[in-house]
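Lettered A, B, C and D in written order, each chain numbered from 1.
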């Protein structure tokens, strides 16, 4: 049991950073650059953990990233990796889809508390953007998930996976998938919904005061979290994975799809993205829900 | 003044309204089937048995409907009391009627007792002949009016006596009624022998009540007259 | 013992005023205590009739049954309260002279079962009221009194017309005989009689198109006297009107018409109070509104509703006594009854009294007004008249709006004066408040009595 | 006249009342009025234990006016007027409904009410009237007009009572009347649909209004409206699970609001500030208060390890079981938006930069403020860990109102066949992971530097001046108004509607008042005209 959990965690960590590296590479190619090596993200993470100094704004600042990381790890642990339900199911028998959905927002809350405590208005601004965007993201995603739960008469992820033995939900409920996928892009923090991090241009965002180990923890959780979300999408719409290769294939396909979309579209502002999310994917999701 | 101003639209409308109302009223009353009642005959029959009064009106006023008369006396009292309250504070009453004439003064001196006596006579014979307490009382009050006119402010009316009369006559009326009730009959019922029709001392309680009524009316009307023709200073003097 | 004492003794007390000019207030208290004693004496002998001059077709009948006993004891209670409350006030002999006669007028209206006699007492009560209106002896008071007199005279004319027509056609004056013979009369005359009675009493019971004079009169009247108008006078007329109506056994459409009129006057009065700037006027409007409710409840010919209405009469009288008397204290201190003045006083005691009075009038538990309202509504519900239930509740909401506006005005405004309530007044007002609370918590005894009374009222005076 | 009966439902609500009142007893309060509070308490007991409608109504009204006098000490005239008009109006519709029920069934006693012979139109009328009452008390839109001002302007302690207990009387009455008395088979489905949507729309709108608020207590007031909105929505589903969810959420919301209102009250007590724009940066000044607030908002937002999640979970499950997908989506939307105001609350008060130079001089928070807060926190944490612990109690209530009990699978597990979760595992896993990361983090051999002062932050490469407002609490949520849909919600207000109603009545009043100033002559004319008209009609 504990070994299982550990494996899940390590896999999530590994795949998360791997995909992050891939993302940076692919983006670089799209931009006509070469980009860093695939392992660069690992190195960054390890380096940041061992950085000598970082500014510590007090115990809440300290606890914030930890809560955030706990949220991400919890999310991973409650999502089963395979659809046969034998290994790597983690804690999913003790929880269900609704619990997972809520774990997904626990991280941002911890982050928000930590960021708020350092008193930098730019950080809080980023958090507010994030929470506002979350509002838009959750709506279509939740409707899609609700549709699935109703269609399967269960909120158990394992059951939903098992019911896809014949047809994947992506085929059975394409509208729900489209809606969920658009939100999923946002959840991953990919363009066009990446205004929260706003890594390049604006010197603001949740991570504004994070340095050293705090940033390392933030990056690690982000990697784990990304993988968790991929996993969830795979479980819900692609029938879960039969084997490790299946898992890698499905998550990779999904990931690549998201990266390409992200590289094609420009960035929305917060208001625009919420507006878009509340209009287009939400309507699609509602239509999808009516078909269930 | 133009016609429009004297006879406004409102006046015309009012007139129309009133005439329409009268038309309708008359219409209803004229068209109604009306049956005669035998009340008058019944009343006369009973009158001879129960009151022995030569004047059936008096029987009705003081006996059959004695309570109504008490009410009327009260209303009279109240009205004059109310006028008193209204007039008390109005200080605009300056012009007083008065004729400073010796002839009038002497004549009045002679007439006054006669008028009072006449009034008393009317009151006392209320159950025998037309008239009674109300009429006699007013006659007495007219004597006082004459005095006011003749003597003006110099005529000194004894208010103590007047109010004593006022109080006692009214109270007497009620007390007689209560006495009658205590004596076994109804309120204002007859507790005295009826006597013989046509005699002064007959009809039991009727003349007594009329005397009280008469005195009450006399006192009240006198007060009323005084209110109207004398200033406050003169009244209080 | 005779029922006439109820009328004779107060009048006697007023007639004999010159003998105890400065002590009339004590005499009045004594008279009222005496009357209360009479009432207590008669309680075990209910119901009873008394003929005055037994052997005449014109003899007057006094009736003391459950319903008239209810009113008689209510009025005596109010007048006793009034005289005790004002016992410390010297120099108001005039008030007591009139109020004593006013008492007997009101009692006579209740007791008498003879329409001409009723007319006499109608006049006595009215004229006393005119005088009481003018007692402030200023311009407003006199013009109020004159206005009252003119309107009152119109009412008398119509009443007299009705009585005259009945007497002319039937030859009787006793209610019971008229009740028996009424339907033998010509239809047109019947209608005319009812109409004249309606107009005559309608003016006096202050219902809709006939009540536009009322607010001015209340404003002109001394505040404490206004309480008497609200608690005694209008109730007396109300009783007599319905006493006659039920005796005459009018048909359902006529009653329905009265119900509609009552509802309408309730609505219009409460609406008018909404934006009124004068507390006394607001109380006047509230009285009008309550009279509207009573009118519509009494015209229902349903025992439960009528018993609720009787209960409401009692509660409303108590509440209005409380409110007007407290307002009198406020007026004395602030020299005004405007809402601003009302908002400016500081006195926890008076505030509590006002609050209890308002809550009771609104029919909010646990105060007695609630029981009354509930009984009325229950009755209507059992009749299936849900529209009326809804209308009453909706209009009550308007009532709540302005009453609570007053309360919050006082709570939240800058206080300019502190009112010290004298001990006597404090005790008396607390008694009333306690009575309201008591009746709200333990209404059953009174409700039972009201049910008996309601039955008697609806039955009308029966021809023996 | 007063008839009482001890019921499981009553016990639960009365238990909540007792806990709230007892814990509030410790809180220092300037406007303590023992008489009014005891009256209020008695009236609540009267409501919860009544066995007939009249007793219920009496309690309802006493509650209404005793609260009025409690609010009256601090609120302004307009607020009071709003409060009383709506509450008395609500009570009168209740009375109307009671009278209608009496007319239909001939009794006031719960156990004697039988609707089988009542025409469905009448039942519908009764239902609508009762719903109006409950909507007013619970602040369902558009009858919430009184709620926010009253909550925010009443004294801090009483706000907690209003939100924690008094808003629940509406929920209690809903359960009592529609689950126990009228029962579901006589109710019209469309009405229930409307109720469900009203509830959820209320919670969405109130949530956005809350996000836009600058005043802590107003924010909490809107949040209260929103939460009760969920309860109403879930109640309208009318099933075992939904009743359980509603009861669960009632318990949670009671303690959440008790905690939050007292928390804010403590801050207002020490700082005399109640706006986010003048608060902020109090985290290290009042750490315990901050932690309690975080417990509160995590529960309010319904996040996993704490009790708030348990009730939210039940709500979702109940909606899912009934296949109310759209409804659930709407609830989720509102629920997700709630994070924003939750964060605003905690950020505005405790995080960010202090806006007030006197922050350092604020006194300590009296310990007595912590009694209700800790009570709330303990219960919320307990219900997060062992969410199943109160299921047997709910099952008792469900049984007493004639519903099938939901499956009880031990104290740790909550849910139904549709979905369930293990609270112990969730909180245990979270705790374990948190502790592990913490240990790892602490073990990392690197040193941290403390900032020199509060202004030592990354500020575009500059050092901000001390007089620049670095607190973001005030503007938080502003950008929401740039989003079309939300802008539409925020710009609408029921104010205009009620204002129009008020003006209309005022104008009518002006007109009728004119009538009452007629002169004697005109009065006479009116009388004669009236007589003539009636005479004409009669003669014709």
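Basically, contacts are C-beta pairs under 8 Å (C-beta built on N, C-alpha and C of every residue); 3 or more make two chains touch, one makes a residue touch a chain.
Everything numeric in this text was worked out from a predicted model, so none of it was measured.
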{"item": "Pair of chains ranked first by number of touching C-beta pairs", "value": "A-D"}
{"item": "Distance from the mean Cα position of subunit D to that of subunit B, given in whole angstrom", "value": "75"}
{"item": "Distance between the centres, which are taken as Cα means, of subunit C and subunit B, whole angstrom", "value": "31"}
{"item": "In subunit D, residues with contacts to at least two other chains", "value": "528, 531, 535, 539"}
{"item": "Overlap residues in subunit B, where contacts from two or more other chains coincide", "value": "25, 28"}
{"item": "Sites on subunit A at which at least two other chains make contact", "value": "none"}
{"item": "Pairs of chains found to touch, sorted by chain label", "value": "A-D, B-C, B-D, C-D"}
{"item": "Subunit D partner contacts - residues on subunit C that touch it in the complex", "value": "146-147, 150-151, 154, 158, 188, 191-192, 195-196, 198-199, 203, 209-216, 268, 271-276, 285, 355, 359, 362, 364-366, 370, 374, 377-378, 380-382, 384, 386, 389-390, 393-394, 396-398, 400-401, 404-405, 407-409, 411-412, 441-444"}
{"item": "Footprint of subunit A on subunit D - complex, ascending", "value": "281, 283-284, 287, 290, 294, 298, 301-305, 309, 312-313, 316-317, 320, 323, 325-326, 328-329, 332-333, 336-337, 339-340, 343, 346-347, 350-353, 415, 418-422, 425-426, 429-430, 433-434, 437-438, 441, 444, 446-451, 454, 456-460, 470-473, 476-477, 479-480, 482-486"}
{"item": "Residue ranges of subunit B touching subunit C (in the complex, touch as defined)", "value": "25, 28-29, 31-35, 37-39, 42-43, 46, 49-50, 60, 63-68, 70-72, 74-75, 77-79, 81-82, 85-86, 88-89, 163-164, 166-167, 170-171, 174-175, 177-178, 181, 186-189"}
{"item": "Touching residues (chain side subunit B, partner subunit D) in the complex", "value": "10, 14, 17-18, 20-21, 24-25, 27-28"}
{"item": "Residues of subunit D touching subunit C in the complex", "value": "1, 54, 57-58, 61-62, 64-65, 68-69, 72-73, 75-77, 80-81, 84-85, 88-89, 91-93, 95-96, 99-100, 102-103, 106, 125, 505-506, 508-510, 512-513, 515-521, 523-524, 526-528, 530-531, 534-535, 538-539"}
